[in-house]
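You will see two complexes here that share chain A, one where it goes with chain B and one where it goes with chain C.
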Partner chain A sequence: MNITYLLFFLCIVICTLIITYWAARQSKTTNQFYIAAGRLTGTQNGMAIAGDYISAASFLGIVGTIAINGFDGFLYAIGFLVSYLIVLFFIAEPVHRLGKYSLGDVICARFPSYKMRGIMAVGALIISIFYMIPQLVAAGLLIRLLLDINYSASVLIIGILMTIYVVFGGMFATSWVQIVKTVLLLSGTFLLALIVFSRFNWSIPNLLEQVTLGSPLGDQFSLPGHLFNNPLETLSLHLALILGTAGLPHILIRLFTVRNTVEVRKSLLTASWIIGAFYLIALVLGLGAVALVGFEELVLLDPFGNLAAPLLAESLGGDFLMAFIAAIAFTTIVAVVAGLVISATTAFSHDIYFHILKRGNTSEKKRLRAARWTAFFIGLLSTLLALGLRNMNVTFLVSLTFIVAASSNLPVLLFTIYWRRFNQTGAISGMLSGLTVSLILLFLGPHVMNPDGGWIAAEAVVPLYNPGIIAIPAGFLGAYLGAVLSRNKENTVPFASFYLQAQTGIEGRRNRS
Partner chain B sequence: MMDLTMVLFERLGLLLVIAFVLTRIPGFRSLLYREFSFKMAGIHACVFGIFGIAGTLTGVVIGSDFTVTHAFVWEVEADQMVVSSSLVAIVMAGLLGGPAVGLGAGIIAGTHLFFLGGIGFMANSLVNPLTGLLAGFTARFFSQERVISPIKALFIGIFPPILLMHLLLIFDSLDRTMVELINTIGLPVVLSNSIAIAIFTAMIAIVLREQENEAAFATRQALTIAEEALPFLKEESFQKKAEGIADLFYARLKLAAVTVTNDKEVMAHKGLGGDHHRIGNPLITQISHQALESKEILVAYSQAEIQCTHKKCPLEAVIIIPIWEAQQTIGLIKLYFRKPQHIRPVELMLAEGLGQLIANQLKTIKAERLELHTRDAELSNLQAQINPHFLFNTLHMIAALFRKEPEKARHITVQLAHFMRFNLKLVSTQLVPLEKETEHVKAYIEIIQTRFTGRMQIHFIQPEEMSHLLIPPSSIQPLVENSVRHGLEHVSEGGRVDVKMEQVGKWIKISVQDNGQGFPDSILLQAGEKVLTGKPHGGTGLYNVNQRLINLLGEESRLHVRNLSGGGSEVHFTIPAVNTRKEDDL
Partner chain C sequence: MQLLKGYEEKGREAVIDSDRKKLVNDLKVIKGFLAVKKVYTSCISATKFSLTEGERSENLFFRFSRRMQMGAEKEYKQNPAKEIDYVQVTESKSFKKLMHDRKKFIVPLTIFFLVFYFLLPVLTSYTTFLNTPAIGDISWVWLFALAQFIMTWVLCTVYVKKAAVFDKQADEIIKEMEEGGEGR
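Moving on to the complex of A and B:
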């Protein structure tokens, strides 16, 4: 591992630690720890959301997928982007107005009960931890590839860093690390894209011609069908992608970190622009990779082409550029996992510890301490899990996350905010049904049940890699039936005043804790 | 690569040394004070642009065969590339001066690089204005700090070289050697530039902090002096005030000499030139008179302006601070310096601050005194309210009148009630309409007249128009009381007291005359000025009225006491014919 790499990595590590130090001085209250005291501006928050969302899997994976599979890779990316429309129009503002720190707050604004809160918290915990594990595993592999450090050490380094960010710096540190990552990511990839264009003398036809030469797909490169050849699968995948973001806890808690709904809108618009711009640039990079590096080289080191971006950088600018891109990838990783840690921490420490265990009755200092200890243990737990699962194919966990989010959180959120007839039973049944159906379908699916190499060596019962198309309607159905078939008896807040608060922020006689 | 890194560090070290030396020069330092103007921005851009060019000149040249030339960069061959350190200066320009200065400096340095030529000249030149602009925007982002912290500057400084490498590749990407080149120079440039920027930033932060410390120190000094001056300002005698202040200022500030004057002559002097700047010297210089009139701080930078009559006077510069009280200049404090250069902006600010502080102190002291007088008057009138002799005698008189003249008895009782009630006004307000005070006096006169019927007569002359004017309560009645009790003390018949109010020009003259024995000469001068002890209930009346008149209506309304040529005395005062103050203004 040469000195350039080391220096860049050190630079990132030191920079983020300094950010954490500065943030630590401003994280003395729970308000600051969980939601940065609502002091992020819309633009900053938007950059942080984009930073939270674009994981290394996205960055490297999408570039690789485009390089290898052509058009379908780009289509994959679009799913990620479009999902923000759902958030913006249906979810964002009501969530901001109803909740304080966590998703549990939002649902319990209408159905205040410990059971409800517990289930929401468990859901958020599951999603966050399940999302974190593949990130950490991929991170370990990546750093081993780039820096020549062995897998365990890599996972350990990232695990320690992300824990430090959250334990000491809370949401402030997490947000600013993500903002820095966004700036780095966009500027680095943009410049790389410019170099790609310059290589082809700024002529896109030239680029495309070279692409067809470099890829075994030849002229078919720009046509769909190389990745998504099963219409049901494709529909299912995109359904999960488009609907999933609106249920991801770590994205939704970012709606609390700004002052008012104008800033919420600004955040989402900024994030959408950034993510959209990024995927356009990723397209250029993917094309450049297959044109300049060539298909064989790309799949040599990793069959999914995850190293397309660094290899492209190396071919364009040698070690220097590759080190820079690797550093960007590293920042991407730590930024995303830090966001997941704080989301899981909020779920446990605010919902379970504070509200359920302590009945909302404990001092600010204790709450803060609980939050910090929780962050520590969650970091520890995820790191250990990632270390243990190194040899397993954990990519299915990524699709699991989106499916669970889309089938459990989203139906409950939408019905809670918009449906008068909805009640607590419906909410609970919705969460449970979404969760269990997703898990069952995944266990019965080809990720796990695979004749060669799966955990269960048998033909998959449900032959969908992405069972979203079954799980999501199941979740909605579960919530609907639960509400309709139960009696409307619990202590729900009158819908009229709830709806008013959700849509306008005007509070009735309830107080928020 | 190590070789190149060391060379770049050395060259940058050279630049940093020059920069440090420049920051020790006061003229250069003033460039850092952030006053915004287009001219300053232009000058800043030029200075940093020149520094950027210096960065290029002290850079190195690398050939396409990767040999590094260590000479200074005056010209470049076509197959060589300039490795310039101009970005350091440009980033500083952006961080300190904002996008405009950064852009300006970048354009200057970039143009130089453009004309220098060589491999990658487009990228080399373009990166400078771009960096300046971006650094400027980044500074805006962190705008709550006056100067960014060195660590942040370090991280910000990492990006421009990376940008440069990318630009080199963008403009020359087909050339395989370019990739090799940037791999050779990439890391050295990043390291050297970012660390240099951090050190530069730290240097500038030190300079600015020095400036702030100076200002803080001067402020603290001014406040300490103002506090220490308070006991001297409370002194009654102007002489003592002057001496105290002169001593204090001379001891605390590093001055050649201090002179304190009143509006006519020198009252105190301390320090150099004591042989001819003496106490009692009249104020003759033009600059002194100017200061007295304009009430503004004046500075003289040469002996010609000071106009000291003594040729060998060692004092060549002076700051004159006028002291004012109640809209009038009562004196000057002159701070002398040996040389005009000794007067720096710090001294001027200090003088201004001190002038203001002293004026404020004087105002506060005056207000305190007024409060004391008012309280004294309250007290004495409280006494008068329950003045046992007056009440006792009056009640006896009423009792005596009951049988013979019941109507008169009733009348006097009512007048006594009026009188007592008007006494209360003294406690509650500082000024009352003339009308009320007239009623007060008339009530008193009625009672006295009845008591001393036959012994004296009291006449009251008052035109109708002036009732709305304001006057301190109980200002006429004590004068009448004074005349009755002292002036007509030994008169058994034919005594006469005249109370007159007449308009004289813009003033209303209120006078109380009596044909009694007049004031004894010894007391005449001091009446009203000092509290005359020795007489029971006596003495305080005139003094109290006088002080209140002066404090509330000004020096022009003071009491005037004289003995009449035909025997008797007159006490009068004037009040303005137009209301200059409102009743609740005080």
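Moving on to the complex of A and C:
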């Protein structure tokens, strides 16, 4: 292994471990472990949200997709950004006011029952683990390509690191690793974008001219239609992108880590500026990659262009810059997977262990120990899964998580918060219909059923790669019908007090734990 | 009652920082048994993990918490907490106005951004007229795409500004509720 790479990697690893050591001293209660005692400021939390959200798929994937497919790659990025408007307008403040540690808390503020909490926890676990596996697999492949160490070793390194952060440092360590990642990612890519511009004498027309020369698409590069040529598929993807974020548990639990709703809004405002700025930079890098590295070179090592950003760095600044960008990609991955580990941990140890198995009766010490062990096992489980799935194409799980989140968590959250006549049956049927419909559609879709290298070699029953346009309405419909048909009033907190709490933050007549 | 969250936090910190006297004084400001009892219970749960600090702090805490409890009970007898009628508050003018104002603000903006957002994939999928150059070689699709970024930033900022007003309204409602229990 090259010494420059090694130095950069050691630097990142040591830095994050110091953060964890410092955070471990502030993770001595469950409150600190799960939500960093609500002590982050809005700006810090916004940076952490961006760090949680911009995955390796976004950083390397979007740069690569833009470099290869031109405009359509950029279209992807827009959905990721605009989705924050839904979070901010409808979800963020009520979720902060109603919940304590998990999404289960939010729904159980209105429908307090073990069944409801269990289903919310299972949903959060499924989403977090489904999202984590492709991240880990991609990380393994990437680090293997960049550093020339084998796949298992790289997955193990990342798995061990993320587990250490969460087990010892809880939400504090996770947040600060994410903040450091955001700063590194933004400054590193911004620097790279400046170098790209300087190569073209700061002239955008020069850059664009070179892009059309570098891409085999030529003049067509800047026009839509290269990646998405099926209108239904395009709309379906965009529906899942814009609605998915508002149902992702690992993003929503970050709304508990600040003091009040003012800070919640500030967090989301900061996050939307950072994420937007980042995608604009990614656009420049994508263009720069085609213009300076050239198409043939980009698809040589990876046909999807995932290595566009590191290759661009190499052509601009040699080994040193490439090592820097590789180190940033590495930080990006560990920050995202750490966020997913803590969200899965909360779902299991807070909702399932503490509330359901122990009926809310156990000492603080035991709760904390349970949380740390859960984090350890979740880290272990997902690392093993990622090691086992190395030869499978699992990238579709990323788009799947957005669809599952948008079709199960989102309808239940929206109806619970805003609809007076919603009831527990509706919430349960909404979760279940969203989850099952999206999973069934996935198995009937071309990711799994594909004559060309799918798990089942047959023509797909549902020819949509992104079945969001069917699954999301199915989730909403399931929730609606469940509520209308059952008229079930059991386990319901009076709507007036719940609604007041959701809208104004006043404490309702229920104990929150 | 909005203060309560702050006091809950303070209660925890006070136990750890041995800054109890100030807390007791602060607590006297809060009216009603429920309010104080809540802080009291949260203090108890807080000590569960600070017990390791030694017997001395444990002793001090229990003396402190008993004093608090006694004070709270005395205060409750003198001034029993009013049962708050939540239904009445949700029916009150000020709450209805808050919900109306929120709706009036959020619904049009949401319709706008959804339409604006889906317009781009719809237009690029079904038509090609956005492919004509707008400024130099840059075509309308790129401008439309960049406009989505600007829209998100502007709407986020506008909402954050506006929400400060909603917060004030909400605080008013909470205040009315605590004072009168009628919420008009």
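We take it that the second predicted complex is superposed on the first by the 512 of 513 C-alpha atoms of A that agree within 3 Å, B and C clash if a C-alpha of one lies under 4 Å from a C-alpha of the other, contacts with A are read in each partner's own complex, and residues count from 1 in each chain.
To be clear about the criterion, a residue touches a chain if its C-beta (ideal position, glycine included) is under 8 Å from a C-beta of that chain, and two chains touch if they have at least 3 such contacts.
In this text the structure is predicted, and so the values were computed from the model without any measurement.
Of the two partner chains placed by superposition, A:F396 touches none, neither chain B nor chain C.
Touched residues of chain A were counted for both chain B and chain C, and C has more of them. In the superposed pair of complexes, A:S497 makes contact with chain C only, with no contact to chain B. In the superposed pair of complexes, A:T4 makes contact with chain B only, with no contact to chain C. Remark: chain B residues 151, 155, 158-159, 162-163, 165-166, 169-171, 173-174, 179-180, 182-183, 186-187, 190-191 touch chain A in the complex. Every residue of chain A that touches chain C in the complex is listed here, in rising order: 28-29, 38, 71, 74-75, 78-79, 81-82, 84-85, 88-90, 93, 204-205, 208-209, 222-225, 228, 231, 234-235, 238, 242, 260-262, 265-266, 268-269, 272-273, 276, 279-280, 363-365, 368, 494, 496-497, 499-500, 503-509. Chain contact summary for the complex, chain A toward chain B: residues 3-4, 7, 11, 15, 18, 187, 191-192, 194-195, 198-199, 201, 316-321, 324.
The part of chain C that touches chain A in the complex is made up of residues 1-2, 4-5, 9, 45, 48-49, 86-87, 89-90, 95, 98-99, 102, 106, 109-110, 113-114, 117-118, 120-122, 124-126, 130-131, 136-139, 141-142, 145, 148-149, 151-153, 155-157, 159-160, 163-164, 167, 170-171, 173-174, 177.
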